[in-house]
Amino acid sequence: MRHILRRIAFYLFTAWAAITVNFFIPRAIPGDPVTTLIAKAQGQISTQQEASLRILFGLNGDNLFTQYLNYLHTLFIKRDLGPSFSFFPTPVTTVIRQSLPWTVGLIGFTTVLSFVLGTGIGVFIGWRRGGVWDALLPVTTFIASIPYFFFGLIVIDLATGPNSFFPSSGGFAPEVVPGWTSGFIISAIKHSVLPAFTILVSAVAGWILGMRNMMVTVASEDYITVAHAKGLSDRRVMLSYAARNALLPSISGFALSLGFIVGGTFLVEIVFSYPGIGLQLFAAVGSKDYPLMQGIFLIITLSVLAANFLADLVYLMLDPRTRKEG
Amino acid sequence: MTLPAADAATLTAAETGHAATGAPVVSKKGKRKRFRFLANAKSAVGLGIVTFFVILGIVGPWLAPQDPSELSADLIQAPSRQHLFGTTHLGQDIFSQVLVGARVVMFVGFTAGLVATVLSVLIGVTAGYLGGWVDDVLSALMNIFLVIPALLLIIIITATLPNAGDGLVALVIGFTSWAWGARVLRAQTLSLRRRDYVQAARATGETSWRIITFEVLPNLTAIIAASFVGTVIFAVLSEITLAFIGVAGSNGWNWGTILFWAQSQQALAQGAWWWFVPAGLAIALLGTGLSLLNFGIDEFISPRLRSAGHTKVKTVGGRKVRMRVGFTPVLGAPVAATTVPSTTTTKLKDSAP
Amino acid sequence: MKQPVLEIKNLNVDYGLGDNAVHAVREVHLTLHKGEVLGLAGESGSGKSTLAYGLTRLLPPPGIVAGGQVLYHAPSGDVVDVLRLSDSELRAFRWSEVSIVFQGAMNSLNPVHKVSTQLMDVIKAHEPGLSRDARLARARELLKLVGISADRLDSYPHQLSGGMRQRVMIGMALALEPQVVIMDEPTTALDVVMQRQILRQLVDLRERLGFSVIFITHDLSLLVEFSDRIAIMYGGRIVEEAEAHEIYRNPLHPYSEGLLRSFPALRGPKREVKGIAGSPPDLRSMPSGCSFHPRCPRAFEPCPDVLPILGPPDGYTLDTRTVACHLHPATIAVGAKEPVG
Amino acid sequence: MTVSATPAASTDDVVLQAVKLTKHFPVRRSASQLFGKSRAIHAVDSVDIVLRRGRVTALVGESGSGKSTVAKLLSQLERRTSGDIRLHGESVSVHGGRPFRQYVRKVQMIFQDPFASLNPTHTVRYHLTRSLRIHGNAGKSGADLQRALDALLTRVNLTPPERYIDKFPHELSGGQRQRVAIARALGADPEALLADEPVSMLDVSIRLGILTLLRDLKERLSLAILYITHDIASARYFADDTLVMYAGQMVEGGDSESVTQNPAHPYTRLLIEAAPDPDRIEAAEASGLAGDRAAGEPPSLIDPPPGCRFNPRCPYVMDICRVETPQHFVVGDSAGHWAACWLFDASIPKQPETHAPAVQA
């Protein structure tokens, strides 16, 4: 319990830090983006929207502390991240709400799958240390070193084309209407295969290497020798004794690397023009849509924190030593 | 992207390494070899690749046959004698772009790596050595920087900064990516601090700064090197990503910029594979080199990861058997010499179910 | 009466291959009899632990059994060479015939599984027919055997004290009622009081269950008290083997004598103790001849050149006492009947 | 009747003295206990020690009894919770800076594990030079330093010095390393040496060599030595006085021969009976060991039992033992032999069934 409470406190603190960073970043922008925007919007902007923009950018003339309180108020009470510049006057929250499911579906799924797959292969290679598979490690290293987006480009080049089954971009075919129809779901899956494959191959290599090293390290622990001495089957020793222990550092590694992973996988969306948050971010960066960029940063950070917390809980379940206090 | 998962292994191995004295330590001979890890094939290859790119970073722009931005009439040409890597939609020479880009990539990567390493040593060693509330505060800071998606933060910051140059980008990357190294160093310092030799140095009357610089730091060299290499990998990828999505580097050439133009000009749809393949391969190769170097250092830090040299052994039956934990191979003593006849295959009492 | 259960013949164990090989155990002949406690004493690097792991083939890489035989006499009368068992035969053999209690119980138990799981694991592997309830009952029984209350079954290793963990390991070692239990410094990490409690328990259990023990330690004084026979190792070889009280009263090898003189006496007159000059040898560069000669106070002319053979000195037979020292030349070499492989 | 910590002896001899030395390590509190009483590990409680010039004092106890903490406190590496440490009768409390250096110049420490107490990245020369330099014993010139280094190595019998001076720790054997560690301590030219289990990590055959060296140094340099050990037999062999510690408290003290041959406190008796003894083959084994009756483990130091901390395991336990901490009572067989045990309080009437352990006077 105590451990969980400590972690919760930490995540709350980190969330606060991220929100605060988000508050300060736009204050570094010189000039008055709101005025520019109002001019650009040519009178379509409402007074309320202008006020929320001014709070977001701290241009309402109050001192920094009042600005900060207003910012928190807008964020938590009104759940408002301001209107997006590029999709004006659509609120940022709406833009994000539209693209988030795509990202969660693609990246969430592939990240977990690559972890499971990579760890599984790593267990096997680490256990059969010195076998044929070890010779493939440099290849794995090479694959792990290819940037996600470059691998995505190669995949598009090789697997798509006029006659290919796989579409090269988008989240679904233009002719289908989004909704819970079989046509849409099939189209969405078809469009997800290549991006998912790209992320999977690029990410899996890293997990294989990490888990393999952990297996090798754990294999020289005394309790592994004892397990062999007990005459247990090879499978049992490998899974219940070696892998079970080697998994623990991998899980904390997984939690901590989520932040790194998210950054890399976003680029795959860009390459495949997949309608997720990564593509939105790309567009926002291109059109200097600061409210959208900030919103995305905030949402993603909070999601990563939540995923981290989940990983913490899994770790807690797997390692009896952290449950000491019961 | 290289995940720092391998470092997790290093971390735990370094923490427990001291207790690993199950079998007698065999490697005791000779002088202390500080650069023994170079004997490792992985690190040798890795170092070779990295050295190649460092040299390329230095001499690349001088070797470039053309100004990388210079336009010409050869639009989207496949590789030829004149344009080794072909040309862009504006007739720019891609070979020159890759050569010139190398310097920026190496500059940003190493600067960011240096900044991050200095920060991680300062913060990690301080937290680990001082302990107490200083450690609590610094650890919280490390963990915050670890869980916040670094690349995203870098993108947001660089996009917000007006005309971010290469130096600024390197600084931003450096200031956001020190946390992993700091965490590993903190853990290792924590365990070093409890080592008897640090206690003994204190008991001899050494001052704190001397203990940190002469007793603790020399024993952290390998880990610092590993964290430097790790950050360089991250910095190179981050920088290229920034250029690829058009946030930074638009006023100069790096490999990400090349890919940015290739992507935005639909190089793929035009079949211009030469536009993005060289730059991408260069990134992957540099990443591989750095990763290999890091594996070498990992194996140096944690001897358990070292391969045992010959792992195949010829056994009694003349079969080749792999050395592995739990089943020590038996070398081929002449079977005929045994005095126990035909009992070797006798079933044991409990082996039948 | 004296029936052998385990015969080690001409066992050689190396670390590494070819020219880089370190010979950690050389030409060891040793016989363990039924119901006996055989003590194996020696300093670090003497090869005593390597011998134990080598004969059970549990030595981690780069360890290699370079040759020899380990003959196990099953209760049925069959004799098997442990070194020639296939992997699956070896798995079936392990723990049900020979079990091991490792140095440092701290790391012998899997930190992520409950004590009950680890006890039942071994029963399940060897007696797959047994029901879960029966296995649990057996696990409970085993804990009781070593004096731990059954409610500890649900504990994780980190929740037990060092002494309790070592008892759990001893209980586990007896789970399948093996013929032989090898104990590698089982009490080194424990306090003297705990050590004695555990050893007394072990002696009781042996009387009740009748297994044989190979007890490895650097603490010769402990062995003299607890074992029937003692073999003393130096530089990978056995230098002396005899009944415990004979070694204690009349050590023949200067090394045995030196070891015994290294322990200050707690009781009786304060006698002079002096230890042994010099350091234990480096296995990589072993001295020629008798490897003890550079430290030996009584070394003489043949010692640096000629390797003394292990055999019975004058007045003893192969069964009663053997020593490898030029001061007490052997009449016949141990294992001489076997052609050397 | 109680005895004071300092029996009649000229106080000039006393180099280092601890009076009611206490160390409590705070335990991290859990969230649920935020508002409760703060908890602490009572590692060392009210311990008195006197180290005299030219004498070895042994401190015997099991692991976890707090004996290593005593060494850390005496060396000022760890700050005491309460009590006093007196160097030549003067109370000293330092933690860092010049006063700390002044203190460690007089009081040096030798660590348990010679494989860990020397920095693997430095040579023997570095280790010894630092010690000489810090404490101003390096002389003025390079030649002076070299002479001092040679003298140090010769003093710990690492001869010829040039064979060892430029070696790295991993090139030396355990015994040689421990000699280097001793030489480093001597580089400060101290008056007191705190040796925390200096031989327990070494091979049996070379332990005595190190102990003999220490005894030799004690005599030649009139050092006051605190010898911390779990091996009570070596205390008898090596130390002039012996103190026995249990669960953070001193339970018995006196000259080594009295303590080991006529142990008074039930815990000391248990410890001695449990020690390996080859002669036990002849000894009447049937007599029954206190070890069996005193089964169990040392108590938790977070929540130690009230009264005498040994009472849950003591075969002679009386009602008062569970309530009141015993003072130091005179045993009476030799001068200065005391035990912290109610059995030796003459004013308490003994119940017929509890027999005080027999002490031959």
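Here the chain labels run A, B, C and D in written order, and each chain numbers its own residues starting at 1.
FYI, contacts are C-beta pairs under 8 Å (C-beta built on N, C-alpha and C of every residue); 3 or more make two chains touch, one makes a residue touch a chain.
This structure is a prediction, so every number in the text was calculated from the model and none was measured.
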Original post:
Which chain's mean C-alpha position is nearest the mean C-alpha position of the whole protein set?
Top reply: B
Subject >> Chain pair showing more contacts of the two, B-D and C-D >> reply: C-D
Original post:
How many Å are there between the centre of chain B and the centre of chain D, using C-alpha atoms for each centre?
Top reply: 47
**OP:** Quick one: report the Å distance separating chain C from chain D, using the average Cα coordinate of each chain.
**Re:** 33
**OP:** Take the average of all CA coordinates in chain B, do the same for chain C, and state the distance between these two points in whole angstrom.
**Re:** 45
Original post:
How many Å are there between the centre of chain A and the centre of chain D, using C-alpha atoms for each centre?
Top reply: 56
Subject >> Multi-partner residues of chain D (each touching 2 or more other chains) >> reply: none
Original post:
Using the touch rule from the top of the page, what residues of chain A touch 2 or more other chains?
Top reply: 220, 222, 225, 227-229
Original post:
What parts of chain B, by residue number, touch at least two of the other chains?
Top reply: 22, 28, 308, 311, 323-327
Original post:
In the complex formed with chain C, which residues of chain A make contact?
Top reply: 220-223, 225-233, 236, 240-241, 244-245, 248, 318-321, 324
Subject >> Touch list for chain C against partner chain A, complex >> reply: 53, 56, 58, 60, 90-96, 99-100, 102, 104, 107-114, 121-122, 125-126, 156, 158-159, 172
Original post:
Which part of chain A faces chain B closely enough to touch in the complex?
Top reply: 10-11, 13-14, 17-18, 21, 25-26, 28-30, 129-131, 134, 138, 141-142, 144-150, 153-154, 156-157, 168, 202-203, 206-207, 209-211, 213-214, 216-217, 219-220, 222, 224-225, 227-229, 237, 249-250, 252-264, 266-267, 270-271, 281-282, 285-286, 288, 290, 293-294, 296-297, 300-301, 304-305, 308
**OP:** Name, in rising order, each residue of chain B that touches chain C in their complex.
**Re:** 19, 22-24, 26, 28-29, 308-311, 313, 316, 323-331, 333-334, 337-340, 343-344, 346-351, 353
**OP:** Would you tell me which residues of chain B are touching chain D in their complex?
**Re:** 18, 28, 31-32, 195-197, 199-206, 208, 214-215, 218-219
